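What follows is a set of structures for review.
Two complexes come next, and they have one chain in common, chain A, joined by chain B in the first and chain C in the second.
This part shows the complex of A and B:
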């Protein structure tokens, strides 16, 4: 199963393995990684699963959709060049080992 | 021989024992009564929700689909068309965009509570939850007020199924048809004289330079009315029921209303009104030793996934301190409920007002009449005694 490391805002590292096809938002909410909320249930309808993707993995992701772009403008913590919504990133072998950093606030 | 019958009135009243049998013994079950497979474990449901290419919504998402809906609404379209349609509406329904509704909802809730002055008991469904949701939707969509009762009555009927014939009955189809013509009338009015409301924006929207198809607009507006009115008031009613049945939780919320949002999440987990939806397989799938064929329908029992002990410890305990992240109360994935923020906001404010007025209330009837529905679960009537 692909591995994902969430780095919480306080620096705590939270490695999680999740089934291929599950989103990084789901990997966090189902494993008690509290810095991700996922209020809309994964429909790209809020911006409470905001993460900063480690630069080494950024190019391996599909670019954000128009809707994700719009929602990224609504993040509670500042949007950076590596900001993404974790509900839009599906675990798969191509991004095994991906590291994402969590923002200070989600809402 | 275990039978899973989502049409039986006993199941409407209490589906949870049957769900447990499904999860423990038949995690991929062929239900003769429903004519489809049933997923009941949390992980299987989530896997299906994540894989819309295999578990398609384009053949309808209601367990008993209404004629003409499949392929023409958000819930019955797959990406990429779905995503483009949804983007047209979604921005108007984010938490931030709904700030302007806080005070109107509060005023509406207070008004309906004022109307109860002096009563020793009242019907929470008829006199509170449905009143608020109808007022809220009429406000949001800027609809003419005189139609309120009729729209509400039809919305309630169209979500139902007949327990005898195990399908939509003529009265349910008639209610649905009434709602589609109501939607068509609204659309015609908005086309002639667009406002800046959510409906007008959707009606005049274009995708890739093309207007939306008339049927798409009509079916989507019909669904927004149905979900906005009946799904929301259904959930508010089960939330009210949970607080009647769990006095400690109710007192905790009355003492500290800041905990209401946590209780809403727990009620969404414990007994969401959106119990079951369906998908259609686009390829053969093997699960738990069964082979399901392309073209078969699969019921996703959210209400069961939310009680799955593999995911939520002590799932049958109602615990407002649980903070049940990842619950399926609004479904999940690309088709997760469009109105999550609206629902949360409406419930929070309504219950702030309700508990300020009535910190204590109790159920009058031990047995409740439940909406007969293969999809949804909520009481038809919830008489509450107030001090």
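This part shows the complex of A and C:
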């Protein structure tokens, strides 16, 4: 199972193994990782699942859809070049070991 | 807390779960027990009428949290347990298995139950409602076996299900008593858009159509009979004609109920030891300026948080501007505010291309925004309405005007 490491805003590292196909948002909320809300249930409609993706993994992800692009402009914490919505990133072997940092606030 | 008295929550839905979670997040140290009638751990309902039937999420992924979460956070989650009565004087909750639980605070998060179809044939096999995971699993089994589907009631859940059934290749007929789809909850402009969308996907929609009987064959639903004599062949009939707030426990122990358990801005009932949250409540909402009852994730979650804050001694008033969403085909609808009673509507974006928002005004003030495939408008509208900032109708209609600029540097 692909491994994902969430780094909470206070620096706490939360390694989680996710079944392939799960979104990084689902993996975080189900396992009680603090700092990802996912209030729209992963339909790319709330921007409360914002993460900063470790640069080494950024190119391995499919680029954001038009909707995700728009939503990234609505995040509560500042948008950076490595900002993504974690509900749009699916765990798969290509991104095994991915590290994402969580922002200060989601809403 | 002698005798194990702590917080007892009735109902393991969105509101019950949120109350328990927020209590722990706020550092509440006492015992928390959740009495949950369903056998499955607290889960999200919205995907039931959307991604679930398309196989896009499995049951495990519907859960808010893994089972371990509850144990690790000292939340005694009792699945399959039912509360039957409240002894207010003794501060005890009675359960169906004959036992009882002492409480310091009781939270009623009992949700709502589906309104049953009051016509002959409603009890036939193949007539289904859609509220719980068990409901949708039964629908899933039936769906595979039938040639055609009828949906009674063109509300959100009925239309979402119709979209899913179309995606799965079934012929779908929607029967609605009101003159337009989603009449109870959205403005006419939006009903028109969704009517067009469903027809374009091949759904046969009949509004102004009363259903008088479901005709069966060998105990199985076979045809839906309409008042005008029209008959619709369908082996699966999904009924979505609204819900009734689950107020039985509250009513029986003398708490004030009026289209829901009446609560104040802290979620408190007229008994200071008893709170209520979610679909089962009705309350004076500051944004609405009157008493309302909402059926939404936002309301259940925010009321749950509000109740937890009150119990944890960090009371704050619940005043979130209501918001809601619905997914049908590739159309993402997001609504914020209350459009009922608005007299002016302005379109922003591309109505023909299916990417637009409707800005609703009452007495010149923005009251609600419905966004179709414009999620950024929705998020900004939430911020505008919360801050009481009203763009002019001209600004709203100008898609090049940046709504974000109205929010000022601090919140933009």
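Please note the rule applied: the second predicted complex is superposed on the first by the 107 of 107 C-alpha atoms of A that agree within 3 Å, B and C clash if a C-alpha of one lies under 4 Å from a C-alpha of the other, contacts with A are read in each partner's own complex, and residues count from 1 in each chain.
In the analysis below, a residue touches a chain if its C-beta (ideal position, glycine included) is under 8 Å from a C-beta of that chain, and two chains touch if they have at least 3 such contacts.
Quick caveat, the model's predicted, so the values are computed rather than measured.
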Fit or clash - chain C, chain B, common chain A: clash
Partner chain(s) touched by A:18 [first = chain B, second = chain C, both, neither]: neither
Which superposed partner A:43 touches (first chain B, second chain C, both, neither): both
Touched partner set for A:90, first chain B, second chain C, both or neither: first
First (chain B), second (chain C), both or neither touched by A:65: first
Contacts of A:29 with chain B and chain C, given as first, second, both or neither: both
Superposed model, chain A: greater residue contact from chain B or chain C: B
Which of chain B and chain C A:4 touches, first, second, both or neither: neither
Which of chain B and chain C A:51 touches, first, second, both or neither: neither
Single chain C stretch clashing with chain B - from 92-100, 272-280 or 398-406: 272-280
Residues of chain A at both interfaces, chain B in one complex, chain C in the other: 22, 26, 29-30, 32, 39-41, 43-46, 67, 70-71, 74
Touching residues on chain A, where the partner in the complex is chain C: 22, 26, 29-32, 39-41, 43-47, 67, 70-71, 73-74
Complex contacts: residues of chain C adjacent to chain A: 44, 46-47, 61, 63-66, 69, 72, 297-298, 301, 325, 327, 332, 334, 373-376, 378-380
Chain B residues touching chain A - in the complex, by the definition given at the top: 43, 46-47, 49-51, 83, 86-87, 90-91, 93-96, 311, 325-326, 330-338, 340-341
Chain A - residues contacting chain B, complex: 19, 21-23, 26, 29-30, 32, 38-46, 65-67, 70-71, 74, 90, 107
